[in-house]
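Each of the next two complexes has chain A plus one other chain: chain B in the first, chain C in the second.
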Partner chain A sequence: MASSSHTVAKTTDQINFTFTGGQKLLFGVLMLIGVICSALAFFNDPADEAINLHHSRFWTNFLHNSAFFGGLGFISLFLLCCKILAYSGWHTTFKRIWEAMMMFLPVSIVFFAILAIGNFAGFHHIYHWAAEGVTDPNNKEAYDSILAGKAPFLNPLMYLIFTVVIVLVWSAFAFILRARSKAEDKAKDGELSFFKKNKVLAAIFLPIGGFSSAAFIWLLLMSIDSHWYSTMYAWYVTASWLVSAVAFTILLLVYLKSKGYFPQVTKEHMHDLGKYLFGFSVFWTYLWFSQFMLIWYANVGEETVYFDLRIEEYPFLFYGNLVINFALPFIVLLANSTKRMTGTLVLVASLVFFGHWMDFFQMVKPGVYYENYKHLKHSHGHDGHHDEHHDTDTHLSDAHNHDAQAEGDDHSHAAVGGDHKGDNHDGHSKKAKSSRVGYAFPGFIEIGMMLGWLGLFLFVVFSGLARAQLVPTNDPYINESMHHHV
Partner chain B sequence: MSAVVSPVREPLVTGSKTYHQITEDICAPTERMPGFSFMLGMLFSLLMLGFGAFCMVWTIWKGIGSWDLNRTIGWGWDITNFVWWVGIGHAGTLISAILLLFRQKWRTGVNRAAEAMTIFAVMCAAVFPGIHMGRIWVSFFIFPYPNTRGPLWVNFNSPLLWDVFAISTYFTVSLLFWYTGLVPDLATVRDRASGMRKKIYSIASFGWTGAAKHWSRWESLSLILAGMATPLVLSVHTIVSFDFATSVIPGWHTTIFPPYFVAGAIFSGFAMVQTLMLIARKVLKLEDYITIAHIESMNKVILLTGTIVGVAYLTELFIAWYSGYVYEQFAFYNRAVGIYWWSYLAMMSCNVLSPQIFWFKKARRSVVITFIMSILVNIGMWFERFVIIATTLARDYLPSSWSYYSPTWVEVGDYIFTFGLFFTLFLIFTRVAPVVAIAEIKSILKSGGDQYVGFEAERKKKEALESGEYASQH
Partner chain C sequence: MATDSHTNVLFGLYNDEEDLMRAIESANESGLDIMDVYTPFPVHGLDPIMGLKESRLHIAGFIYGALGTCTAFGVMTWVFTRNWPIIFGGKPYFSVPAFMPITFELTVLFACVGMVITFYTICGMGPGVTNPILDERITDDKFCLAFKTNGLPNGEIDNLKSFLSSTQAAEVHTKMI
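== the complex of A and B ==
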């Protein structure tokens, strides 16, 4: 053991990472695509007003990608802190990847700040609770008693605190953690002070991260469907980030290995990451199922409205979510051998990464579109759009009656979805008719904007990797990690 | 397993043990006459079991009218105890299966006893739904099988039935897992025994010879059982949580219940493991195998799961307000400051506040504090279930049927019965089987023994290397 420090040096010839011009160009192009698609989304003027009311196509994509990629930063920090506290050793040789990923947190503050300021200034209409007059009882048109009740939490100031300020706090933790980890490289052999200090830091971060991320998620994502609530939601979103982060790690590692970096990362490490991808995918499914099943079984209108909207109007996303994010990793990665095949692992990781991006898509889009649609219907009166939506209405009310019959009479309070809503309408008849690109499923613009964010994310990660040793040679666990066997 | 171990890891076997010493130390309690403390413990357990058995007979003879359940509060101590015991029965399989997957070597010191505890706890849990049925002699009606009762069939839509499946599956797999692990160790005891003991252990160890083929099959079987046990750990308490969460009762119907119940179950399970192991390691002289490092690790798990449970409590409370749904808001208002406010207070202080003491290393490594904490956590987790069940039911939709519930002496006696059963079985276990997994401890000796790993061992090795002895030894 004592004699093995030379093996570290020998197996890590490529101890420093170079961020090449070609990579920079590629990420620049991706970001450019993102900017162009953002502009297209912003000025897009489709035939149906609802689809881009208040430029919502652009804004929902903006929120969607900010939440998804920002979350990757958060979960990397969270994962590192967990690993530090759990005395995990095997990941040490590639821990710099997570240290680089968490550096996206400070960058994502800009996006959250734009969204937060938007709530004050009203330049986006993602959140119905931020709309004018919803909490004002004198405003007969817009007043919503439920939202008025939630106003102490759902307001622009809270949003600012729990997105921008909290991400700022997370970033501070990320900076300190990374700085100490880097300082350890330069320290003398066997120096443990940085290791010990980071252990304390990780212990402080975990409860802070655990509590604050819930509020962050409620405001950022759950409040889009502003009446709806689920206690599971925050954990569900966190699990989605976790799977995406593991998938991204696998993809990045395979790419870097192909460039000659990380020769010491072997099939054993990939096997363990494959187990993570498998295990966390199953965990995500567990949370998905628990949330869905309990709401479906209890059949309370205030809660079922969320899934009803998604099943009826977004079936492709709703079922696709389960196929890509559960069935695929479960079936493919169940066997031992597939986790050790690079090609298979890359295929599954790519699909799952995209699948969880789609999961965020279905968290963001339906609520906003639904609200847009209601808004238009309000301002145009009921007659204007009646014919166009006749089919949907009949279909939905049929399904509804069927449910009510099956349930019997004792569930009368659940019979009408959202019957206590302040704006006093039947939730079902307002439902949007969709299967429209950009809302019911991602179109080129959505993919383009995602590529933009991906380019930026990769740029941040690669510059993070370039600014530190690729392998933490002085980490007390480095030898364990070098000799890792499953 | 990797032979390279970072010196920052604390040794898991102290006292520079050899393989032979491990066998001697762990087999010893099964080979000597039980001491005074054991007899005292056994006597006490049997007294509880005896009084409890009397109360059980009373319950069955008189019917559950002898309890204080009423029209409003249909579930009381019975289901509270049931959920509490099932929860405790989570630590064993978590340690043996999930910690195995996460390669936590410290599990080897406590897995055997924790698994045994799991099995006994699940048996205690099963008692309560059984007697709650009132007519226990027809309890076989809960199993779905072709019968002559015409259309009388189990309700597949009911989470209570899913419970039957989940718990019986969990019990079976846990038992198999535990026994599979025991086989090589029972053979070790057999090889050292003579006479009647030898015959009994021969049968119990299934003719184990320790051949390579045996070990290979044993490894495969353990892995398969671990794979099956892992989702089961999650599923059992998830389904127990469904008993409540699938309803439309405010305070019960909340989506966070499944993972939060599982976290709470692990929390209470580890607390019970601490309670038992702190005594067992002392009485059976196993301090070298269940070290302070083990206790500290378990305290960390207690801190973690206690805080997860805390996050869930606060989430529930917050979302109840956030929902804007007056019944939900009332349910939680009633929980915190209603007639049963004291049970909510007990739950919050024992489960969320008190484990925070484990942020301090001194507290995590103190046997006394750990023991007190393990009792507090078990009390707190009992109150959690009581809060969820009785508090919620006491204030239903119809104020005219609001009620109050406190147990009769029979209900208390039924609870004592399970304590008697649990401790009696556990005490017998410590006498007939190796309390620590001998084979598994041996497998981590080279990577966890204090003569091989840790700063002290590194220092000695360095000295030996410098003086030239190391080369001649290795």
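== the complex of A and C ==
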């Protein structure tokens, strides 16, 4: 058996991938939708005029999608390095997909750089720790002693290092890994030097990637809820990326197979990817629950704030997250047979992919929406400001006040008044459920911006696939992969 | 087995699993009735060509697991809400998150232990049971194809022997187990 099909890889005619004009057009249209929706979100956020002083809806979407799709690039690199180091062979026929996905890392640097510059320049207000005067004890208005204590880590310079510089380092690893992998195609048969060099590279990258990604996640996502911290958070986010990357791989493989590529990728490979989708979904749930239960049981105020906010005011996001990302893949993919049915697998993979995009949505949005304003309210608590207008308006006007200090009080009142007209803002009671489009659930603008990032991501992945052989014919594990059998 | 406590076995030992696979395929073509195949490690693709059905052990495993879930959750709910309600850490009597770890553990425990017991029962294994082995090297580096020869005329046994030799069997033996 082994000897007869030794040359399958060589004779596969679909060895090179062509990025067709139609696909380019489609991704271009997706990106255009993204740009239009970004502009809409930036200039004309219908959700909330007071919050939109900082264009928060645009910036949260920007962060949300950059983190989600940039993370897919990181996790593909991480997966590849794990596979190389574990002497894994089954994935080899489609390893170029992960190689193409990790090429999104250098692209995502641009987005992280914009966010990092924003912390210095103050043109967005995602992170309260980056706000002006928060760490200044003399600033009675904005000073926050907890954030001042965290300032050695939570500051714009650290943010720049751990988002932009670290992603640059990851990108360098990705480039070298891919360059060697591509050079292997041109090398003579049985040439192992590229594989061995990549093994060393993978061994170097894994600890670097593992530790630095935690700091990356703390700064990028966890510091949104800037008072809050959780030791499980980095794992939890990484698991979310992992499930999304596997789901994306399944969808892309099924699509490419329908176009006649990857005839050698069989049900056996899909079955294993299905197991990954199932297993990592359960792993994600394990981390989700571990994080939740410890905080729930310990009941320490500064830890429960994250869950309290989400359970009380965003129950749709909070419970929906568990249903779509745990219950659905668990029940559907539990049986052996469902992992081998392409239709079922595609359905679950697309729902879970969207589900984890929603998971990132619930990580980013509630924190940005409430945290800053709550802190401002808190810091203004006893300055007699309260008496001038009723409670409901306090935190909003204070928030406005804080950012538009130069403009004076009267103006801020006007803005807050306008906000209340067509809006069901629920500042009256903390128990009220939030139903604000763009914060409590994604609106058209969120979906549109996601499509924009998706288009860009797909464009990068497809051009990455086109720039190398689709099947790595000289990889030492290619034959093992061809005969993969579960 | 009930009428005759002994089985006469004719078996061939192969050096390579590829030879064994080819032998099974040609035995299927000639309509020979294979008693069993023994290999030192799991050989991929063996089950379908031997015509074995997919094991139903995992269905039993699911049922045991579900039983474990219900047991753990049911008992804890009963104990903490009816039998002996105690407040832990200011949490309600019926606190689902607190029940989860034990529910998970008992699910795994029931599924594992249940599947092991079922597997041993089905295979007739367990403490005090001695299973006859055809050749010790089957657990090391030999691949065995065995035929049951009880009540077969000598001519047919000779046919089987020549079949084994013709399919590259390194050795052919008979044994009464």
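Note that in this section the second predicted complex is superposed on the first by the 406 of 486 C-alpha atoms of A that agree within 3 Å, B and C clash if a C-alpha of one lies under 4 Å from a C-alpha of the other, contacts with A are read in each partner's own complex, and residues count from 1 in each chain.
In this section, a contact is a pair of C-beta atoms (placed from the backbone, for glycine too) under 8 Å apart; a residue touches a chain by one contact, two chains touch by 3 or more.
Because the structure is a prediction, the values reported are computed rather than measured.
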Three-chain arrangement built on chain A, chain B and chain C clash or fit: clash
Which superposed partner A:485 touches (first chain B, second chain C, both, neither): both
Contacts of A:197 with chain B and chain C, given as first, second, both or neither: neither
First, second, both or neither for A:210, with chain B first and chain C second: first
Touched partner set for A:476, first chain B, second chain C, both or neither: first
Partner touching more residues of chain A, whether chain B or chain C: B
First, second, both or neither for A:297, with chain B first and chain C second: both
Chain A positions touched by chain B in one structure and by chain C in the second: 1, 293, 297, 299, 485
Chain C contact footprint on chain A (complex, rising order): 1, 289, 292-293, 296-297, 299, 334, 336, 485
Complex contact set, residues of chain A against chain B: 1-2, 4, 85-87, 89, 145-146, 149-150, 153, 192, 195, 203, 207, 210-211, 214, 218, 227, 229-235, 275, 279, 282, 286-287, 290-291, 293-295, 297-300, 302, 411, 414, 420, 476-477, 479-480, 482-485
In the complex, chain C residues that touch chain A: 18, 21, 44-45, 54, 58, 62, 89-91, 97-98, 100-101
Residues of chain B defined as touching chain A within the complex: 1-9, 101-102, 231, 234, 238, 242, 245-248, 253-259, 300, 307-308, 311-312, 314-316, 319, 322-325, 359, 458, 461-462, 465
